[in-house]
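Read through the structures below before going on.
In the two complexes that follow, chain A is the common piece, with chain B as its partner first and chain C second.
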Partner chain A sequence: MNKILTPFLVFFLLTSFTEDKNQFIARQGQVSFFSYASMENIEAKNNQVLSILDLKNKKIAISMLMRAFVFKKDLMYEHFNESYVESDIYPKATFEGDIINFDASLKEQTKMIKGKLTIHGITKEIEIKTTIEKKENKYVLFGEANVFVKDFDIKIPPILASNIAQMITIKFRFQYQSYEE
Partner chain B sequence: MHKKTTFSVFLIVLLLVLSGYLFIVPYFKKTNKNLQLIKSEASINSKELIDAYLLDEENTNTLYAGKIIEVTGFVKEVTFLNNRNTVLLYSKNKTSGIICDVHPNQIEKIKKLKKHQKIVVKGICKGFLKDVILLNCYIDLKLNE
Partner chain C sequence: MKNKKTHQLLIVLFLIVNCSINAQDLLEKLNQEFPDTPVYEIATFKTTRIGLGHSIETRKKGALQISLYNRYWNFPTPRSERFLADKVSSRYGLEYAFSDNFTAGLGYTNFDEISDGFLKYRLLKQQKNNKKRYVSITLVQGFSHRTNLANKDQFAFTSQALIARKINRDFSLQISPTFIHKQATLADIDPKSQFAIGFGGRHKIGGHTAIVSEYYYVANPLKSIDTYNAFMVGLNWEVGDLMVQLQVTNARNFAEDTFITQTAHNFNFKDPNLHFGFNVTFLLHTNKKK
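Here is the complex of A and B:
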């Protein structure tokens, strides 16, 4: 029995170890968004964004809680969660993408990430220009992207249309460390 | 006639005060609440909270998300990444813990925290990714043993 099981166990341990070694995690990634409108500028930050960077497969995955975005004013937070992104129904936004021509050995590189962004239950393909830095055995990834509010079926009442920009700028910064640490 | 005018003025003033309370006050209200004097809606230890999220995230969200909760746990790490004051609580489950984003008025307390120290954290539960996320946290050191 043991003779049959042992090769499987070794294979499982080896593959899981290899995966861990190639996977880096950021538990406190920062994502912020900006809406520049004539009436007022709105900014919100989320400092608890989860991201996993897979060096072997050149992939990145991001997940964030919409309720964890912090606004300057209570009312902005309420409008955002209750009326626009409907956090009770769609509590998370996610992104999964491929880092094109990523070379994990380089100290600094600027690459495109092609992937799928899901907000408010709507998934859109987007491309993001990003800078990736390697410092010792850690990676820092940062950049920004623009998204249109209407692409994600977010309805803004006409009376508030002048308060919120049609295009939102999203900035991000992730500091990854080895999964094993 | 005089009574009618007084009543109308009273009604207008009442409406102005009410609309001010409902629309203008919330607009200027800051989100960074200090929870020190606010009573928590639930009290739980870190292991039970993480286990509940791992077992049934949706149901646990209905119990705790958006609510002020008090969590007892052990310090894994204190970080100041992105200019935030963060205390990480660990659990027996190696891959999950609790991320506590601490209110700026607690900075002196968190500087003194030691690894494995038992603390009580009161914060607003935001939900679960790989870790439970608590914001605006207040730290109670009474349990410091």
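Here is the complex of A and C:
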């Protein structure tokens, strides 16, 4: 009995510890968003976005603090956090999804990522076209997506409707390295 | 037999542990990666003044704030003839943020012909989830100048320590110990140095609207004339770079040393005691981040 079981146990132990080798992390991912409205253009940048790329399961997860977005005008920062995304109640925006037909060995590939985007406490299914590049033992992932403000229950007073676009463009770029580094 | 059971138990255990590691939520894993940086409370008050006096807020570096404060009031009925208001007092103000923590400002009021200025420094900022940084503290040094009837210059100085706490996302409170020193007084029996304490509060009633109130208690009031403690209740509303304050108050003057110590009317709805305040503040960003 012992002889049959031991290899199994060793195998399970190994698989549980090799997990991290298939996971790559980006600690300084960049996410920016743009709102082009008739009255003004608004742009904000976050350079501290975290993301994990799981090669084995072809999964990706992204998490960012709303407070880390930097605006050109400081009152915009205040309005964004206080009145729109309410970052004291919903401090983070997250994304979790699957990279469809991802091949970890390719040097460059453009794939669809299908997953759940959570902003302002509201989760939406979205699909994002993404380019993934492999450089030595690093992965770079970038692309852009469009989201509608009203999908995430963000209320804009009518007087400011011409200052904020209904559709926001989100751009992202992540550089992943293996977990141990 | 006993050995076999232990082994089965071990297998199950390993399977569970193994599965849970594999299936460990990637987002959960990311949550542990966030660096532990302090998070400062923002927008304890939206405006740099609660209504009458300063709030702990200053603007960020490079911001130029242009303000126009108005108070309207009527004479008692027999003399009241105008359509809207008999009298108006206006203060034109400018303030510039030299850094995120330091602001200087100037103003002129046409009614009492007082020029005033102030230096404002943010000493401490309240942090989220940090018991040691329970409150925000801002220091304000104000000074004002007027000429008396004999055409002589008169200066007055106001020192304030503003202590505020954002209690929850809607409610903020401020306590402002104040020391006022005047070069000259109205009469010899009046104290040259006066102590006062201000209480201010804000309650948000919407994303862009808040109800605010302020009260100043004077510990050693003037003796030569009857004065009352200044009180204000109002509505603050902000859209974009424009901030509007609507208020009712008994204070007619704008410089700290006058409205705190020389408010000659009690707060009630009889003319000429009721003052309607309308403040407009506009923010210009002279230093845009790239």
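Criterion: the second predicted complex is superposed on the first by the 166 of 181 C-alpha atoms of A that agree within 3 Å, B and C clash if a C-alpha of one lies under 4 Å from a C-alpha of the other, contacts with A are read in each partner's own complex, and residues count from 1 in each chain.
What we mean here is this: a contact is a pair of C-beta atoms (placed from the backbone, for glycine too) under 8 Å apart; a residue touches a chain by one contact, two chains touch by 3 or more.
Quick caveat, the model's predicted, so the values are computed rather than measured.
In the three-chain model built by superposing on chain A, chain B clashes with chain C.
Once chain A of one complex is fitted onto chain A of the other, the partner contacts of A:Met112 are absent, as it touches neither chain B nor chain C.
In the superposed model, A:Leu65 lies in contact with both chain B and chain C. Applying the stated contact rule after C-alpha superposition, one finds that A:Asp74 touches each of chain B and chain C.
After overlaying the two complexes on the shared chain, residue contacts for A:Val140 are found with neither chain B nor chain C. Shared-chain residue A:Gln30: touches chain B; no touch with chain C. By the touch criterion stated above, A:Leu50 is placed in contact with chain B and with chain C alike. Looking at the shared chain after the overlay, A:Leu160 reaches chain C, while chain B stays out of its contact range.
Contacts of A:Ile126 after superposition: neither chain B nor chain C is touched. When the two structures are aligned on the shared chain, A:Arg173 is found in touch with chain B, with no touch to chain C. Superposing the two complexes on chain A places one of the chain C stretches 19-27, 37-45 or 73-81 into chain B: stretch 37-45. Comparing the two complexes, residues 25, 27, 48, 50, 63, 65, 67, 70-75, 77-78 of chain A contact chain B in one case and chain C in the other. By the touch rule above, chain C contacts chain A in their complex via residues 3-4, 7, 10-11, 14-15, 17-18, 21-22, 25-27, 29-31, 33-35, 39, 42-43, 46, 59-60, 63, 169, 207-208, 239-241, 283, 285, 288-290.
Looking at the complex, you find that chain A touches chain C at residues 1-2, 5, 8-9, 12-13, 15-16, 19, 23, 25, 27, 48, 50-52, 54, 59-63, 65, 67, 70-75, 77-79, 81-84, 86, 88-89, 94, 96, 155, 157, 159-160, 163. Every residue of chain A that touches chain B in the complex is listed here, in rising order: 25, 27-28, 30, 47-50, 63-65, 67-68, 70-75, 77-78, 91-92, 173, 175. Taken together, the chain B residues at the contact with chain A in this complex read 26-32, 61, 65-66, 79, 81-82, 84, 86, 88, 99, 101, 126-127, 129-131, 133, 135.
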